[in-house]
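Presented below is the structure to which this report refers.
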């Protein structure tokens, strides 16, 4: 078990966005979280990646209670995440974008930077090397010098994942990785996610493309109105009456 | 495409706005200085002071006087030094009241324009210029129009202060006010250095004459929006007389507010305010019992009459004391150059200026007595008290030599 | 971002030429007026480099900069006048003190974000200005401080002449540019830029956003304070005006005109605007009338200033066109931060 | 005691002016997310228009005030169109900088066209009312009463009219309201018009008591920012309460605490409040 939430809840003002979620992610699993719009998926993600403190309950990562830990510490302990909107650093090339991802592993300070101490040189070389390595891994080595503003949506998605991977996280949280890309590109992405898992990283993703999730995930959690309504293997979920109702019910309302 | 064209529209509007204001304003600015005529050589006279920013009006007031003096001298054929005719040209640079810009302007006037004399009308600029006006490479005479006694106090050998130090005023003012209203004084000085020094001088003059000070309420006349709370507080100490240390119009509003809150006593104005401007915002009846600088136009000496008439003819308005300062300073400088036989050596010019004093004829509005060893000119100035809605008789506030 | 590519050699050559020009400039005998203008522009440029780090690279618009400039100036002036410290001790000490003050300001002000941060820092600037005005016992109040000593001679080198002072200021400027160059091209500089682009992503990458913001603010304050202390020793008279928000707005104008988030921007902008201010002397009030619309036009049409424009023109060649596009910061607004 | 009451009256007068200016500022911020630094300068231009209306064209005081309101409202709309609207999607610091630019322009233009000297709007209601040892001019009473009436009118407008409630809707959710058919552009212009109108009327009300000069806007805008940050940027009740609090604090602070550090107090209060609550006292949303 790598991550566990107990009775997790989160309120906004008077509204309950998350209610009493008990969930666990095992080592080297691919887990997906699905649910209709507004079901609380993003809130759940934000809580387990440290962006929102929970209103109730606990999050523990590798048996360590994370409640009250600052966001950047989540990342340093090994939880990396991507965002729904692809946040990339538009100035600079694909390679440049990746380098800063390695910052958390480096120790150089102000004076190292100004005086270019051996440590600064070594760490900058490491970052570059690591970035190159990740580029190869995510399959963007060919466009490493291309300015980010020019690359395709798919490459941007891969790059965002690469940025999360460069610090070698134990748990990777992907927020709608396949949004805005076509069917073929989605296939490629699925391959990449599998490859990430095979290198020892646990993956948890939110996704709208149910079909993709069914083929990819080991286990699925379904949220509706902030509560967990189902959890299980893709086949279990596919036949779960509550899940079908939740999706259809919403569809009827809309 | 739509977005793009919108951007150009807004660009056009903006350019249009700039051009409009530009063109509408350009007509107002008149060219200063005159070209040389005949065989006369031109001596540049430098000026640095605020022409933009909050103090721009004060800057323009002093510059007008200087321009008028130079025009008069030039149209009379200039000055003759060692057989050579010279005319003057004013080179005025804006420093926005900032000392570093005064310093930059000073360098420019001294080296580019070879000005032997540079006028400045504020203490900060004076201090910045005093750092290098005696440098052997480009020395120049610093002609300061400020009644701040500090500017002459630093022992700078090439500084000429063409206005009386204000320290001469509090004593006669105190005597007048005490006699008429009583011995209790409240002060509302400005927070500026000048205002605070004035407040201190006023306090010591008042107590030396046997009065008591009920309270001091320093006010930032430039940033305060509503003077009422100061007036209320000052009045709560029951003074007989209130000293005001601000510029004319704010002083006027304070007086009006005080009268409206029921104050019946007298006021003393510092010399930053001119009574004629104060009277623009408050009625003469409310001003009864106000003591301050005698308005230039109310004096009846031939020198004043001549100056006022000439100024009105040239600028189409009645001059105040501030308009006259650099006028008579320039007259003294021109005469000093002739006497010294040099238009380039500032030390000689200053010595020459000392030798041409006193000037008591009608070429200058005030009697110019002497220049002391600190470069401070001693002038015969007058104060007055308003009573029955009219300016009273002038009384002398000439400092002790 | 700058990295090892072939464009470099050309720009180095260009920078070398500029450097040589800066060194031989007084020898060309331009007259003390021009030396004065350029020296003053150099001093302001140092302060603008500070603003460039915090606003340009970090995206945090601090309007407390003139307050910090004033603080540095008064600190240096008081250290030399009251404690008789030598210039060489007073300047670093004043700069460090400014950074320390900035540390505490940063600790509080970075709790706020966006417009609140801007207004908060503006208020800090106003408070510093007001305290300088009112605390006459130490600061001389509105009178200011007169007669600040010239830079202490360094062995046989004296700094009495204007030319010597010019070189002194130039050395400080070069030091500033060097440090800034090293900083922004390091991992730390990348970290700052990542925070500008998206505080969320930076935090998700394990970057301590608060700590980095404070670090950048302190470094910016160090140089701003240094500029202030050089100003004090150069003009030798200081008054409360040098800490007024108006000066911050001028710094901002210099920075935007030159181009934010570039190493050349601050010096280009400051020299250009100082030159423009001087050469437009005859326009007086109209000059100020131009600066406002200029600011708006720059923000709208030239968000990366003159330097950005030059980059854009230089990269009009077919393969570099895209790089220019990526300089447009409006594309980086995905983050929550400023 | 009469000192206290006198200062309360002074504080209320000042607070009324602060209120009207801060209301416009907060309205603009709430709708457009623009920290309009030029707002104080629109107030200044409003004072000049009133002044010239009365002295040059001999208009009645109230007519001049109305004319000033309308002219400044138009000027406000122009500012919105030319300066802020094109920057709607730019980073927020750019809008801030553009506002500074607009401010510099207006101040320089005013100084150029009308000179730097102080002017004063001729007093109309100069009679002194006296009760219980307190003396107040009619003009001050007018300022206080008119401000209250304007605040009520603004609230009625926002709550009771369709246009007004659409302004409120945009303030609460700019993206959502454009979906339900409210023209965000029109609302933006209307907001600027109303805010600028309020500023100009405030200037006309204050004119006979205060002085008119090109930098008068700088002082009031700083205070107005303090008010709306204290009150929560975008909050209308916050601006009203904040305005009166600051006016009273200033007049009473000057009396009972320190005249020297009176201005520091206002900014210090702001810093303390933001230190404790980084989003202001009555911030809307999170």
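Brief remarks follow.
A, B, C and D label the chains in the order they appear, each numbered from 1.
By our rule, a contact is a pair of C-beta atoms (placed from the backbone, for glycine too) under 8 Å apart; a residue touches a chain by one contact, two chains touch by 3 or more.
Remember, predicted model here, so these are calculated numbers, not experimental data.
Any chain that touches chain A and also touches chain C would be listed here, but there is none.
Central chain by Cα centroid: C, whose mean Cα position is closest to the mean of all protein Cα atoms. Distance from chain C peaks, on a Cα-centroid basis, for A. Computed centre separation for the pair chain C/chain D is 33 angstrom, with centres defined by C-alpha atoms. Our note on geometry: chain A versus chain B, Cα centroid distance of 71 Å, whole angstroms. Separating the centre of chain B from that of chain D, both taken as means of CA atoms, is a distance of 35 Å. Look at where the CA atoms of chain A average out and do the same for chain D: the two points lie 47 Å apart. Annotation for chain C: residues touching 2 or more other chains are 134, 285-286, 288-289, 293, 296, 300, 332. Shown for chain D are the residues that touch two or more other chains, namely 83, 86, 105, 108-109, 111-112, 260, 263.
Contact of a single residue of chain A with at least two other chains is seen at no position. Interfaces, counted as pairs of touching chains, are A-C, B-C, B-D, C-D. Listed in rising order, the residues of chain C touching chain A in the complex are 1, 3, 5, 179, 182-183, 186-191, 193-194, 197-198, 200-201, 203-209, 215, 219, 261, 322-323, 325-327, 331-332, 334-335.
Of all the residues in chain D, the ones that touch chain B in their complex are 3, 6-7, 10-11, 13-14, 17, 78, 81-83, 85-86, 105, 108-109, 111-113, 115-120, 126, 128, 130, 135, 137, 206, 209-211, 214-216, 219-220, 250-251, 254-255, 259-260, 263. Those residues of chain B whose C-beta lies close enough to touch chain D in the complex are 6-7, 10, 13-14, 17, 21, 24-25, 52-57, 191, 217-220, 222-223, 225-226, 228-230, 232-233, 236, 247-250, 252-253, 260-262, 280-281. Every residue of chain D that touches chain C in the complex is listed here, in rising order: 29, 33, 35, 83, 86-87, 89-94, 96-98, 100-109, 111-112, 222, 225-226, 229, 233, 260-261, 263-264, 267-268, 270-271, 274-275, 278-280. Considering their complex, residues 55, 59, 61, 108-109, 111-116, 118-120, 122-124, 126-127, 130-131, 134, 249, 252, 256, 285-286, 288-289, 291-296, 299-300, 303, 329-330, 332-333, 338 of chain C touch chain D.
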